[in-house]
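Look at the two complexes coming up: subunit A is in both, with subunit B in one and subunit C in the other.
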Partner chain A sequence: MSADRELKIIFTGPMGAGKTTAIRAISDAPPVSTEVANTDQATVAKATTTVALDYGQLLLEDGTAVSLYGTPGQERFSFMWEILCRGAMGVILLIDGSTPTAAEDLRSYAEAFRRINPDQPFVIGVGRAPPDDHRLDDYAKALSTRGIVAPVFGVDVRNREDVLLLVETLLCVLEAQSFETDHAAH
Partner chain B sequence: MQPTSQRFDTAVTEAVRQQLETFVAGTPGTTLAVLTSGDGFEIAAHPRGLPTVQRLAAMSSSLQALSEAMVQEAGLVRIRNLIIESDGGTVIVLGIGKVTPRLSLTVVASGDEILGRLLWASRGCCAALEKRLLASNA
Partner chain C sequence: MATPLHDVRTRKNGRLGDLCVEGTRLGRVSPSDAVQPLWGARCSRLGNPVSAPAVTSGSDRRIALFRPVSVTDERVTHAFQLLDSILWAFQGTTRSPWTITTPDIANVVVVYAEDYDERITVWRKNGKIVVAIATEGLADPAVQDRLVYPFRAQQVLVLLERLDAQLDPAASSAAPNAVSLPEAPVDPWSFVEALRTLRSVQNGATWLVGRDGRTPVLWLRGDAVTYATDTATVQAIRLGTLRLCNVSLQKGADPGGGPTQRSGMELSWFAGYHASVKLSPVLKPGAHYRIAQWPNFGLIRPLPSQLRVAAGLSSAAATLEEIIGRAKVTPEEAIRTLNALYACDVLIVVESGEKTAPAGTRSIAQPRGGFTSFLRNVRKHLGLGV
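Showing the complex of A and B:
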């Protein structure tokens, strides 16, 4: 991949939120996947689970090469979260809006990844939520009370345009942060 | 489907643990042997109750999956062994043959153990575990 600049971003969120699917939806080449059979159906009824990482690449029209890293969702693989976050510029946090634990999942994953890298921006994607889901505003407000200001979108992670919206929003947040840093320096 | 850690009855799990105990006792330098499910659950270990075992089980699952992805990416067909050599010793992760869902044996040995002998003994342990587990599924 020949690129004018390169960025590394993280896709995270609980098991079943759609991280692997989201990366598959936008990666220019078939992503690297480490899915294995999920033997713990009692916790999440899902055939497979990611145990190390997903990895994909995306070359944007402006020449930016984006490396897409997906984390395992289960907390017992949290050692991978810290490894994967090294050098990352931001986090796309995916939540399954149809689960009763969605708000708690959002809080716990946002706080966990804020602890790993306090400066990295977040963009939130809520899947399986109705288009006019009023909880999206509630999620944003709940995060802001914890000092995390992040755009929240309802998304279908199978839809390339929806996932690209999350990535492009994250890049916009990064550019705004960069502008503020430059402005403060002068 | 139950978690793999609970899929085998107590007698089978105890037989596996005894096999691991025999392996550790008979393989100088070996400090830990863990049978792990493909998604990183501890099924049995010797010694029992070490605080690091659950994390090591999860890590061995991650490493094995990542190694498989790397082997496929490089066009090298299929992973056989995962060997990590360090200043303090060696970690080996081996798949357990035909048992499904996938299981693996993780062996930790101190620096004194000779790699070839450790690998040979670990493969023997895998074969014994495979035979026992397949018999329990029959």
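Showing the complex of A and C:
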């Protein structure tokens, strides 16, 4: 199957935001990861990091496979984002809310992925922050002023329920867009 | 052009708005007065039905509105305009006819509470009744001859009848029921509007105590960004079992180290969602709405129907009927969710003919059998609500 015909959901965000964890939470099989020892401890103190991609899958009962891709967190691998996003059902952007660069990360990733495909459903999960963190409202407002109306939710990707909320939101946006496309066609 | 609902509520082509009391056109109330959000949750919007008393039959009464000369607080101006309009509107419905006149020949003079003009003292000494309009504090029924803006038409009506009785004790005893009006129904939107007002005022330095009767049930920061209450009350707010429109807000102390502080958006969402099964009076079924921003659903934990309505309004503007079809929800679910989005200040109206172009799904890989069955299968696989 060509990359742009594949049914897939992209998980992206900076290093340490929880992409691998999120994919693991919903993938039918343990995700395939290309993790190596993290040599950038100054940025994020974690033992390993993804250098190419994470891969998980949902295998539906009618045999349809939905691929779950996690992009590498480091920006030097950003050339892969466009390749992975081609034809994707949507993008789930994960941000580490505990870092001082959270707002800037959110802005730069959101703008980058909007550029790649402005119509692609796009959902943002901010982790490691209390769910009622007031900054979430500020983040959403800041995006809104840049013309990006995207859901910004406080989540804990270690909870499957939270990852499902992000996926369900993506599906709902996709469904609404699909409805409009169908109606415009008729 | 998309218009924030704050503006829509007051625009009305710049004309004076109309208000209705039991189907009677009242008129002369400026739109800003008519939609002025309320501080006290118990203060209801003027559009509420107000029972009118017996038709005019008593002596002529003269009332003067003594507007302060140099006041920068526009609420004071609004308050006098509002009272002026209400007096005009009640012509022929009060027991005695009230005529607006100058202070010198008036029986009653209405002044601003913080106006220290020496003439006011003289009028009092001369036996005139002086009614004070305040813009702060509570409308305490125990404090006579005082109106706290924003006030309800019914409050003015009660005041006029009491003043009438005060001016003519004999008439009072002859018509004891003239002022015993049935209590107006509580406005289901009062708390939502109070929250919206607080957000627009942005006074984060103060705290308000929300009381259900005499019992404090929550603490709300003056900018409505944060509230605090106990876990049981949070559950009651989320389930809608605590009727927030019955909660009155008063200035008070901060909650201290007691209950956990929570996001005001949560309070706004559930206040709006549970306020009514009818569309907020501010929203119009035929208008096109979309969301300017998503609420934090990580906190709200939306129902699937709520999520679908929000998603539907993020992809393109829609009327109520359109969003029911697009989101595949019941009218009540659509209405309640629209109300909640309105309460959170994230809903904007899009002018007719300027509907945003919906994002398409053509750039996305197409599943076999189409999106509808594919999405159903994904949801079933993940155990998501359909």
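What we mean here is this: the second predicted complex is superposed on the first by the 170 of 186 C-alpha atoms of A that agree within 3 Å, B and C clash if a C-alpha of one lies under 4 Å from a C-alpha of the other, contacts with A are read in each partner's own complex, and residues count from 1 in each chain.
Convention: a residue touches a chain if its C-beta (ideal position, glycine included) is under 8 Å from a C-beta of that chain, and two chains touch if they have at least 3 such contacts.
Since this is a predicted model, take the numbers as computed values, not measurements.
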Of the partners subunit B and subunit C, which touch A:Pro72 in the superposed model: first, second, both, neither?
first
Once the shared chain is lined up, is A:Pro151 touching subunit B (first), subunit C (second), both, or neither of them?
second
Which partner, subunit B or subunit C, touches the larger number of subunit A residues?
C
Quick one: is A:Asp138 in contact with subunit B, with subunit C, with both, or with neither? Answer first, second, both or neither.
neither
Once the structures are superposed on A, label A:Glu104 by its partner contacts, choosing first (subunit B), second (subunit C), both or neither.
neither
In their complex, what parts of subunit C are in touch with subunit A?
225-226, 262-263, 265-266, 291-294, 296-299, 301, 304, 307-308, 310-312, 314-316, 325-327, 358-365, 367-369, 371-372, 374-375, 377-384
Which residues of subunit A touch subunit B in their complex?
32-42, 49, 51-53, 72, 76-77, 79-80
Could you pull out which subunit A residues touch subunit C in their complex?
4-8, 26, 58-62, 64, 66, 87-90, 117-121, 125-126, 131-134, 136-137, 140-141, 143-144, 149-155, 162, 164-165, 167-169, 171-181, 184
What residues of subunit B sit close enough to touch subunit A in their complex?
1-5, 7, 37-41, 54-55, 58-59, 61-63, 65-66, 68-69, 73, 101-102
